[in-house]
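Labels for the chains are A, B, C and D, by order of writing; each one numbers its residues from 1.
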Amino acid sequence: MNKPLTIIPDVQGSVDTRQIAINKVGIKALKHPLQILARNGEAQGTVALCNMYVDLAHDAKGTHMSRFLELLNAQDSALDMESFQFLLSDMVQRLEAQRGYIEFSFPYFIRKAAPVSGVESYLDYEVTLLGEIKDGEPSVTLKVLVPVTSLCPCSKKISAYGAHNQRSHVTVSVRPLGNLWIEDIIELIERQASSELFGILKRSDEKLVTERAYENPKFVEDMVRDVAAQLNQHPNVAAYVVEAENFESIHNHSAYAVIEKDKQASVAS
Amino acid sequence: MNKPLTIIPDVQGSVDTRQIAINKVGIKALKHPLQILARNGEAQGTVALCNMYVDLAHDAKGTHMSRFLELLNAQDSALDMESFQFLLSDMVQRLEAQRGYIEFSFPYFIRKAAPVSGVESYLDYEVTLLGEIKDGEPSVTLKVLVPVTSLCPCSKKISAYGAHNQRSHVTVSVRPLGNLWIEDIIELIERQASSELFGILKRSDEKLVTERAYENPKFVEDMVRDVAAQLNQHPNVAAYVVEAENFESIHNHSAYAVIEKDKQASVAS
Amino acid sequence: MNKPLTIIPDVQGSVDTRQIAINKVGIKALKHPLQILARNGEAQGTVALCNMYVDLAHDAKGTHMSRFLELLNAQDSALDMESFQFLLSDMVQRLEAQRGYIEFSFPYFIRKAAPVSGVESYLDYEVTLLGEIKDGEPSVTLKVLVPVTSLCPCSKKISAYGAHNQRSHVTVSVRPLGNLWIEDIIELIERQASSELFGILKRSDEKLVTERAYENPKFVEDMVRDVAAQLNQHPNVAAYVVEAENFESIHNHSAYAVIEKDKQASVAS
Amino acid sequence: MNKPLTIIPDVQGSVDTRQIAINKVGIKALKHPLQILARNGEAQGTVALCNMYVDLAHDAKGTHMSRFLELLNAQDSALDMESFQFLLSDMVQRLEAQRGYIEFSFPYFIRKAAPVSGVESYLDYEVTLLGEIKDGEPSVTLKVLVPVTSLCPCSKKISAYGAHNQRSHVTVSVRPLGNLWIEDIIELIERQASSELFGILKRSDEKLVTERAYENPKFVEDMVRDVAAQLNQHPNVAAYVVEAENFESIHNHSAYAVIEKDKQASVAS
């Protein structure tokens, strides 16, 4: 292939005269392999969907798109909260920007033991690392989607037998104070569900989770309140959003609820 | 706008020398508004995702892409099986092809009355009209996805109380013999589920569907077998595929089963 | 089926003691047929994905889920900004709530004439109506996703011939002041793109849109700036977010940019 | 939690009397971490979406769902064609079935060097391993989706300058004869595209891929024919399906084509 002999003009590097700054510009929906540091100290390989943006001053024509990818392709150690924040700062510096934003979403696995038989299997969760730098201040949000069983208290109460139940998604977004692991949030949520889920359940396990769910009926409202109560008490949670979506087994739509709280704000949003 | 003054070359219309015929070529993933004729004689407006293909002889460079859209944009009456088959024939003729394939997928609504209170609400279904012409012979397949409740017989049997249940998708694809309406297939499937779904359920209705599901436990295997048994008996069904997918409320994966049958074939596939 | 003879307990209506209010609770991901009022005065039928939420006081156990659906199933006139706002107020009142939130997303069609041949065909857009009531104050946001062609200025400048181009999504969310139609926003965006899209293009049209795109190269940064400049001048736009996503034809990821502005705020967010 | 003291009944293991065999039954849409053996001998970690089914005799009530997961959770070596086929055979045996079907879909990465600058970055592909056992005969299909650039020959020919181009998906499903790696198929496809894609492109690279695409215009019909011609010649390909979908930059729909061939069949399907 012919190599360019002459200087190639830099269009993105030219001056812009429209007097309009851009809040965020960068790359979106890039798939990239990542290593995530688990609570047990091991690195877990996964595949992330990546968005990376910076701001752009009113007089700059364009950002340096390839630098986002260079940063990502140079990332060779497992990510935890600290190294994620370092990547964020590095990006803002390398892109010569004032603000920066990174969002990595990926499946994350935990090997769980079934409650009676003890048989082990993986369960998958959807995790998002969100980082933002404004005015030199980095902030990180950890978001975890945990699939659970929910069983309807009304259906149980009014029916002669049985109660409708279904898979639900409980999603918690946390701004941490100090140390907080993905596993911490998953466990906190699973303890509040009608029942947690498992990959493998033998018959003795299935009996137990069926009865446990029947003993712990929860509306979508109960789910977000009970998780919120735990997050209110947790010393390492500065702010949170907790959502629950029940894929109702008696309807073709979901029931949904959300509670937001910034524990450091004097008044609620 | 400047109109072209000279003749514009027709690249697609030129001769191809690679000696390779193309099985299907056309447009895919086009959104288009459609009218569908309901069993009650009324036309229902909806939005379809459309795929339309024809074959292409080895010596033709390209097909006439804009003709597919002209056909679709000229469609001004409500579709039923007959007019769908006419559109299919028309396409093959207009595209100067031997074979043709059309696939229209769209949400379809039925206004249902809740079982005790009688309150009415819409429930949505996913319907696909599939048509194919080979060797001059048109064949049409009607595919209907019906969301239902399934309740696990094992969980009910082994547990002191309760039983896990969940939303399930039962999908039937039918090659009809004579008349067959979308509504016919929906009703056939809903009668075999642990319970059918509704948009609005008052408390008296919720009690009934909860108890009905508990009284009618079905594995994913039972669901496809019971629907297959009905389709085996139905005089207007020439061939079918019935699938069931349970979005298990105790797992983060689905249970799935399928039965295929061509009643006109001497031996099963 | 047995009708209930006794009074059915109302679990949702009981008192909650956890002292935790819920920001939003309701129904999510419900498919429902809707009529939308077009600028030309005609009603356009479509299928919407609907989310409807209200707040819930700390001492109420649960909301009244079926009332959301009753409201929706009673909606029998075509929606415009005014009737949408009325539905929002009605919901907050019927649910005995302080705050309310509605989100309807749906495909919307415009019949366009090809630029040279004049041949007509539908083009589809994704529209979202978002309404919120806080402290008795309703506010409505109109969000429109417009698919366009973008052509890269850098690629054009540095290459001996050609320039990479691709489909892009430009999405504008507007808080209107006075009257604003879906069609107004679509036209505003399409005029700023390298080229607008069409369903049917004859060869004379294809020549024109190819050349027009080559004459109007735009980075993702240019697209959001040029649309922002138009929205800045528009008297009926109080606040806006404009996003552009280019599905890069030379990469397997997108380029993305966003500008947010509240014209009524003294300082930018 | 109370452990079961008595024997738990085995509902799935009971006898069925409906006289209807089931073609496929098992688990669907399970996310699971997998290792894939790359051509260079290294194992690549990824996350797969897994479907695993077996047939079920007419007199068996249900299959053994947990065994599918036990097989998957016991898989501890990197998969290649051979070990995948072994897993398939193992499944049929462990499930006491006659037929079996496995489908693993996952993102797969290749580290590519940009064509001029030589800068390295990952590009992602979607790969599916499909295995089926019928009548004791296992057969494996390897399916690879390769994103590429396509540039329209008609648009180039009729326009004074420029040519519309876009991202396209070329998907090849192959039944291999002997050895065939994912990388082999990717390279075969990328050589036939108007241009291949890269994660990172410096300006000198962008110039080259822009000009290369302009020099190699291809209709969707050309893409499938040129890939088919290569697959026809390839000694390790027994049968194939090649599809191309162009996400047209001048329309809001795709152009699509497919060629199917079983080289071992005496007549085409």
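The rule is short, and it goes like this: a residue touches a chain if its C-beta (ideal position, glycine included) is under 8 Å from a C-beta of that chain, and two chains touch if they have at least 3 such contacts.
Remember, it's a predicted structure, so these values are computed and weren't measured experimentally.
S.K.: Count the residue numbers both chain B and chain C use at their shared interface, divide by all numbers used there, and answer same if that is over half, different if under half.
M.R.: At the contact between chain B and chain C, which are copies of one sequence, the residues are largely the same (over half shared).
S.K.: Tell me which chain's centre, taken as the mean of its C-alpha atoms, is farthest from chain C.
M.R.: Of all chains, D has its centre farthest from that of chain C.
S.K.: With chain centres defined as C-alpha means, what is the inter-centre distance between chain A and chain C in Å?
M.R.: Centre separation, chain A to chain C: 25 Å.
S.K.: What's the distance between the Cα centroids of chain B and chain C, rounded to whole Å?
M.R.: So the centroids are 28 Å from each other.
S.K.: Between chain A and chain B, what's the gap in Å when you average each chain's C-alpha atoms?
M.R.: 35
S.K.: Touching two or more other chains, which residues of chain B qualify?
M.R.: Touching at least two other chains: 8, 30-31, 124, 154, 158, 199, 201, 203, 207, 252-253.
S.K.: Mind pulling up the chain C residues that touch chain D in the complex?
M.R.: So the residues of chain C touching chain D come out as 123-124, 147, 149, 151, 154-155, 158-167, 195, 197-199, 201, 203, 206-207, 209-211, 213-214, 247-253.
S.K.: Quick check: in the complex, which residue numbers of chain D touch chain B?
M.R.: Listed in rising order, the residues of chain D that touch chain B are 4, 8-9, 11-12, 16, 18, 20-31, 51, 53, 56, 61-63, 65, 153-154, 157-158, 219-221, 224-226, 228-229, 232, 245, 252-260.
S.K.: Can you check the complex and tell me which residues of chain C touch chain B?
M.R.: It comes out as residues 1-4, 8, 10, 30-33, 44-47, 66, 69-70, 73, 107, 109, 115-116, 119-122, 124, 199-204, 207-208.
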